[in-house]
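Read the structure below first, then the notes.
Letters A, B, C and D mark the chains in the order given here, with residues in each chain numbered from 1 onward.
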Amino acid sequence: MQYTVGSIAPIFLAPVIAFIINAFFGRKLPRNGDWLAVLSIFVSFVFSARIFGDFVFGQFATDYYIHKTFNWFDLSFGTHIFKVDMGIYIDNMAAIMLLMVSGIAFLIHLFSTWYMDHDSKHGRFFVFLPLFTSAMLGLVLSDNLLSMFMFWEVMGFCSYSLIGIYNEKEKAGDASLKAFMTTRVGDVFLLLGMVAIWMVIGSVSYVDIYSAIAQGKFDGQMVLGISFATFTAICIFLGAMGKSAQFPLHVWLPDAMMGPTPGSALIHAATMVTAGVWLSLRMYPLMVLGDITWFIAVIGAITAFGAATIAMVQTDIKAVLAYSTLSQLGYMMIGVGVGSYNAAFMHVITHAFFKACLFLSAGSIIHSVHEQEMPKLGGLKKYLPYTHFSMMCCTLAIAGIPFFSGFVSKDRILGDALYYGFMSGQNPLLAIVPILGFAGAGLTAFYMFRMMFLTFYGENKMHHDDHGHGHGHKDSHGHEAHGHDIHQEHLDFRSNVPLLILAVFTLGFWFAGNVAGQGFGNMFGAKNEWFKILVEAPKVEKFVERANQPFGSVDSRDTTELPKAQYHHQSGYAGPNPDDHKLHTAHVVGAGLSIVIAFLGVLIAFLMYIRKSIKPLASTFPGITALLKAKYNFDHFYVDVLIKQGLFGLNRFLAWFDMGVYDRFAIDGMATVNRVIFKASKWFDNVVIDAIGVDGTGVAVNLFNLVLRIFQSGKIQFYFIMLVMVLASYIWTLNI
Amino acid sequence: MNQTVVSYLAQYEFFDSLLALFGGNQGLLTFVIFMIFCLAIVGMCATIGGLGTYAERKISADIQARIGPNRVGPYGILQFLADGVKMMTKEDVMPFSADKFLFYLAPMLALVGVFATLAVLPFSTGFTLSDMNVGIFYLIAISSLVGVSVFLGGYASNSKWSMLGGMRGASQIISYEIPVTISILAITLLAGGMGFGTISAHQRGLPTNWFIFHNPFSFIAFFVYFVGALAETNRAPFDLPEAESELVSGYHTEYTGMRFGFFALAEYIEVFVVCGVGAALFLGGSNLPVDLSFDIIPLQLVEVVIFMTKALLLYYVVIWIRWTFPRLRVDQLMSICWKYLTPIAIFNLVGCAIWVVLFNGKSVAQLLMGGGH
Amino acid sequence: MFLQVLFLLSATLTIGCGIAVAVTRNLMHSCVFLLGTLIGIAGLYATLGADFVAVTQIMVYVGGIVILMLFAVMLTGGKDFVSRAQNLLGLAPSMGNKWTFALSGLVGVVFILTNVKLLMSVASSLPTKEINNELPSTVNEIGHLLVKDHVLAFELSSVLLLGALVGAAIIARPRKQ
Amino acid sequence: MISLTSYLLISLFLFVLGLVVMIARKNIVAILLGIELILNAAALNFVAYSRYVTNNLDGHVFSLFIIVVAAAEAAVGLAIVIRFFQIKESTHIDEATQLRN
C-alpha cells in the first residue's frame, strides 16, 4: 500500500479548512457552520479509519511505519548546515491514536451541535472546536518535536479560548488564564529540552533522536553537572507534566471545566491532556536513557492518589470528572514510569472513550436539568434512561470492574506497578507507587459510584422542589433551575446516540481481544492481544540506518517482511524467562487485588449513599474533608504562599532594607560627609576652577572658535564638500 | 536571445531572398522589417483608438436607446475621422500661466508610454514585435509613464481643475498598479516566466487550459486585474480624474486641438492594451483551440484575428461598464483599492503559490481529467 | 550595430538629461529631466544585458520615485526664494547661483581628477574578458541568487521597505499641536 | 565595440553631476535628485563590472538592492521634506541648521 500525502493530509487539513471557513464566514452560514465542522471531522475520521485498517488488519509488518518529510526551509551555506524538515510519521500507535481522536472528536462535535444549540457562543465554539481537533491530529501526525510543539501551542491557545468562551464571566476568564499560564511553565522546559536536543544532534525528528540514542550520541555529554540525557528527559517530561496536568502543575485542569461541557470532553478525553502522555510515550527511549522513569512513576502515583482523594468530596459533577481525569492521567504516567508501555497507551485509548462518554453524559444531564451540583440532583434514572445507561457503563469501566475496558488497561498498569514496586529489586521506597496506585483504584470506584448514586438514584429533589417552591428560582449558575421541568429523554441521534456509541466501546474485549481482559478466555477467534503486539516501546537500534537513508524512500520498504500472522499464536505472559513468570504472578495478583478493591469501593459507596448505613465522609472526618475540599490548598499555596508570602515577603524585606538600612546609614551618612567636602570644594571651585579653569578655557575656546566656526557651519553641503575633499586628499596621498 | 518578429520570419525561405534584395545587409533588413511592423501596429492601434471613440458613442447610444453617430459614412463609422480633422484644425490654445515645457511634454509622454507597450503585446505567436523574457514586467513598468504624463498635464495647466484631476489621476494610477501587478504576478507564477510567449505557450489548446480556468485563485485574479485595469486607465466607474460633473474635464481641461486628441487617443489605446493583456494573460491569448504541428503565415493571421476578437470583446465590456455603473467617490475608490483589491490580490498570490506546490502546477481541468502534459 | 545605436542613444539621453537636471532653474523641470536620465540608464542596463534590472529601474523610478518627487515638489512649491541665513555660502537662491555652481564645479573637477588617478592605476590590472554578443536572460539566475546567496539581504530589504513605508507615513502625517 | 571604460566614464560623469546638484542646489528636493543620480551611477558601475569583469550576476543583484534602498530613501527623505516644509514653510537647506548653536 503506497500512501501519498494526499491520502494523509486531509486528516489534518479538513478540520483546518472548516476552522478557516467558520472563522471568517461562520456567521453567514446556516447554523453558524456547525455542520461543516462535523462534516470535516467525519472526513478526518474516514481517512483515519483507512489508515487504521491498513495498520491493524493489513498485511504490514508490525514495525511498519509511514514517514514522509519535506524540506521546510534550508539556510545552509557551505559546510554550515541549517535545515529544518517537517513531516508525517505514522506508526501503529499513531494509527490507533488518529482513529481514536478523530472518532471521539466526531461524536463530540455531533453532541455539541445539540448541546450548544441556541447558545450565545455557538458560532465561536464551532470555530475553535475543529481547530482544536486538527491541532491534536497534527500533533499525532508530526514526525518531529518542533512541529509537535507548534500544534501543542495551538492546542494551548484553543483550550484557552474554549475554557474562557463565556468571556463575560470573570471566573471563566480566570480559569482560562490559569490554564494558559500553568501549561506555559511546562512549555518553557519543553522548548529548553528541544533546543538542547537540537544542539547535540542537529535535528528534533523522532527518528533522528532514536538513532542518536542508539548510536550513543548523548553519552558523556554533561549539562549543569547532570548527564545530558537526564537533563533533556526532565525538561521534556516537565512539558508533558504541564500539558497532562501532573502533580505540581495540575491546578489548571479542574478549573478548565468552566467551558462548555463538550469542550471539556474534548480537552479531557481525546486531545489536550493525552498530548503530554503521548509525548512521554514518543520520548520513552530518552526517558529510559535519562533514567527518570522512577520519577515519572512517583509523580504519576502522587497525582493518581491525590486527585482521587479530592474527587471524593467534590459536589459538582464536572469537578468529580475533572479530578478523575487527573487521577487517570496519573495512572497513565505510572504506566510510562514502570515500563508498561503498551498498557499506558491502552489506558490513553480506553480512558479517552469512557471519559468522553462521561463528560458527554454529564453534559446531557446539565443540559436537561440545568443543574450540576450533585446534592441537588437525584433520581434522574427515570427521566434520563439512555444517559444513565451510558454513564453506568463508563463508571463500571473507570472503576475497574471486570469485562470493562478500564479493568483491562488500568489493571495491567497496576500489575506492572506491583512487579515494579515489590519484585523487581528496585529501591524499596518505590513500593509507594503500587500502594498509592491500588489505593487510588479503590477511591476511584468509590467516588464514581458516589456520583452515580447521588445523581441517578435516591429521591428526585428537584422534582420535589418544583412543587414546594414554585417556579422562577435561580440557582448560583444563573440558569433558571428549579422552575425547569425535566423532560423525558428520547432517543436522538445528536444527543444520546453519541453516548451510546461511546458506551459500546467501554467493553474490555475491543481492546484486550478477549472477554475477561487479562488474557483469559479468547472469544470468537478474535485477534488476541492485538494491542500488545502492535504497540511496543520504540526499539532504537532499528532506526540507526533508517535515519541515514532519504526519508522519501522509506515508504517503499518491503511491507510484508513480518506479517501479522502471529496474532493467534502469541498469548499470555508465560515465557522461559523467570522474570516473565514473576511478572505473570504479579499480574494475576494485581488483577485479583484490584477486583477486590474495586468492589470494596462500590460497596462502601452503596452503603453510604443508597442504604445510608454509613455516615458520609464529611461528618466522620471533618478535618480531612475540609483539606480535601480545599484541594490540598494548592491554589492557596500558589497564590497566597508562593506569590503573596514569597514574592511579597521578599518585596517587604527589600523595602525595609531600602528604607531602614540603606536610606538611614548610607544616604544620610553620605550627606553628612558631603557637607564637609562641599565646603572644601566650594573654595577650590571659586578660586581654581572658576577663575582659572572656566574663564581661562572660555578665552581659549573663543580663540579657537574664530577658526573652527568657519568649518562648523551647520550646513550639510559644506560638510559634503569637506567629505569629498578629505577623500580626494587621502587618495592623492596613496601611492598607487 | 529574445524572440522577435524578425527572428520568426527568418525561418522562412523568402527571408533569404529578401536578404539578397537588400544586398546581404542584415541590419538594414531587420530595421526595415521592424519599421514596417511598427508602423502597421501603431497605425492599427491608432485606428482602434479612433474607432474606440466611435464605438463608445455608438454603444452608449445603443444602451440608451438612441441612434448615435449616423451621418459620416455608413452607420456613421467615419465619424472619428471627422472628429480628427476637427481637432487638427482647431486653434492650439496655450494658457497664459501654463508651464510651457511641461504642457507640451505631457501629451507626448502619454502617447510614448502607451505606444511603448505595443512592443510586447502578443498579437500572435510570430507577429509579436519583441517577445522579451521580461515582457509583462516591461509592460507594467513602461505604462507607468502615463501616470507621470497625467500628473504633468494637470500640473502644467496651472488650473485648479486640472491640478485636482492630475493629482487624483496620479495617485489612482499608482495605487491600482499594486493589485494589478500582484494579480499578474500570480499568473507569472503559474506560467513560470514573464515573457508573453511563455505565458501564451502554457495556455495552448482548449479553453480549459486558459489561466482564468487554471485554478480558483487565478479565476479571482482575472477579476482583480480587470477592475484594477479599469481604474488604471481612468475608465468608468473609476473616471474620477476626468469627472465631468466635478472637474470639468480633469487634467486635460486646458488642452485643445491635437494635444487633447493625444490624451484621448492614448486613453483609448491604453484601454485596448490592457484588454489585450487581459486576453493574453488570462484568456489564452492568440492560441488556436487546436494544436497544429505546422506553422504558416496565414495561420499567424488567424491567430491575430483570435487575439483581436478576445481583446475587443473585453473592450466592449469596458464600454458597457462605463455606461452601466455610476461613478465612485474618491474615498470609495481608495478603499476599494487598499482594503479589498490589494488584500484579495495578495491572497490570490499566496493561494496560487500553494496551488503550484500542492498540485505540481496542474490546472483544475487536468486534475479532474487526470491528464496533464 | 543595434547595441551601439542603443548605447549611443541611451548615453546621450543619460548625459544630456543629467546635465539638464544640474543646470535647470525650475525644480519641476529638473524632476522631469531626472526621469529622462533614469530611462537612459535603463537603456544602458539593457545594452549590458541586464534586462531585469533595466525593467526594474523603469518600474521603481518612473512608477514610484519620480512621481513621488513630483508630488513633493508640488506640495512644497519649489519656489526660487533667497535664504535668510547669513553665513558662508549663504545668500544663495533655492536653485543655486553662479557661485554655488562654481564651487560645485571645483569639487567636481577635484573628484574627476581623483577618480582618473584611481582608475589609471586600476585600468591596467582589469581582467579583459572575452565578451560574447549573446545576451541571455538573467531573470532565472537573479531569482536563484536572490533566494539562495543573497537571501539575508533580500529579507532585510523587505524589512527595510516596510520600515520606510511606516516611517514615511508617520513622519509625513501632520500632528496636532 | 562598447567597452567597459565608456560605461565607467558615463557613470563618473553622472556621479559628478549628482555631486554638482548636491552642492550647488539649496532646495532639499533637488538635493534628493542629486542623491538619486549618485546612486544610479553606482548601480550602473555594478552592472557594468558584472558584464565585463566577473562571470556572475551578483552585480545585478547589488544594483537591485541599490534600487530598493533608493526607493526607501526617497520615501523617507521626501516625508522628512514635507514635514520640514510644514514646520518651516520652506525647503531651503540652510534653514535646517537648528542643531548648530
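Here is the rule we use: contacts are C-beta pairs under 8 Å (C-beta built on N, C-alpha and C of every residue); 3 or more make two chains touch, one makes a residue touch a chain.
All figures in this text were calculated on a predicted structure; none of them were measured in a lab.
S.K.: Between A-C and A-D, flag the pair that has more C-beta pairs in contact.
M.R.: A-C
S.K.: Once you find the CA centre of chain A and the CA centre of chain D, what distance in Å lies between them?
M.R.: Each chain's C-alpha centroid was found; their separation is 58 Å.
S.K.: Taking the mean of the CA coordinates per chain, how far is chain C from chain D in Å?
M.R.: The separation of the two C-alpha centroids amounts to 5 Å.
S.K.: If you average the CA atoms of chain B and of chain D, how far apart do the two points sit, in angstrom?
M.R.: One centre to the other, that is 33 Å.
S.K.: Would you pick out the residues of chain D that each touch at least 2 other chains?
M.R.: 19, 22-23, 26, 94, 97, in rising order.
S.K.: Multi-chain contacts in chain B: which residues touch at least two other chains?
M.R.: none
S.K.: Any chance you could list the residues of chain C touching two or more other chains?
M.R.: 52, 56, 64, 71, 87, 103, 107, 111, 149, in rising order.
S.K.: Touching pairs of chains, which are they?
M.R.: Once each pair is checked, the touching ones are A-C, A-D, B-C, C-D.
S.K.: Contact residues on chain B for chain C in the complex?
M.R.: For chain B paired with chain C, touching residues are 1-2, 27, 30, 99, 101-102, 105, 132-134, 137-138, 140-142, 144-145, 147-148, 151-152, 155, 167, 170, 174, 177, 193-194.
S.K.: Within the complex, which stretch of chain D touches chain C?
M.R.: Residues 1-2, 4-8, 10, 12-17, 19-27, 29-30, 32-33, 36-37, 40, 43-44, 47-48, 50-53, 55-58, 60-61, 63-65, 67-76, 78-83, 85-86, 90-92, 94-95, 97.
S.K.: Could you list, by residue number, the parts of chain C that touch chain D in their complex?
M.R.: Spelled out, the residues of chain C in touch with chain D are 3-4, 7, 11, 14-15, 18-19, 21-22, 27, 30-31, 34, 37-38, 41, 44-45, 47-50, 52-53, 56-57, 60-61, 64-65, 68-69, 71-73, 75-78, 81, 83-85, 87, 90, 92-96, 100-101, 103-105, 107-108, 111-112, 115, 119, 123, 126-127, 129, 131, 138, 141-142, 145-146, 149-150, 153, 157, 160-161, 163-165, 167-169, 171-172, 174.
S.K.: Spell out the residues on chain D that touch chain A in their complex, using ranges where they run on.
M.R.: 19, 22-23, 26, 31, 93-94, 96-97, 99-101
S.K.: Chain D touches which residues of chain A in the complex?
M.R.: Residues of chain A touching chain D: 712-717, 720-721, 724.
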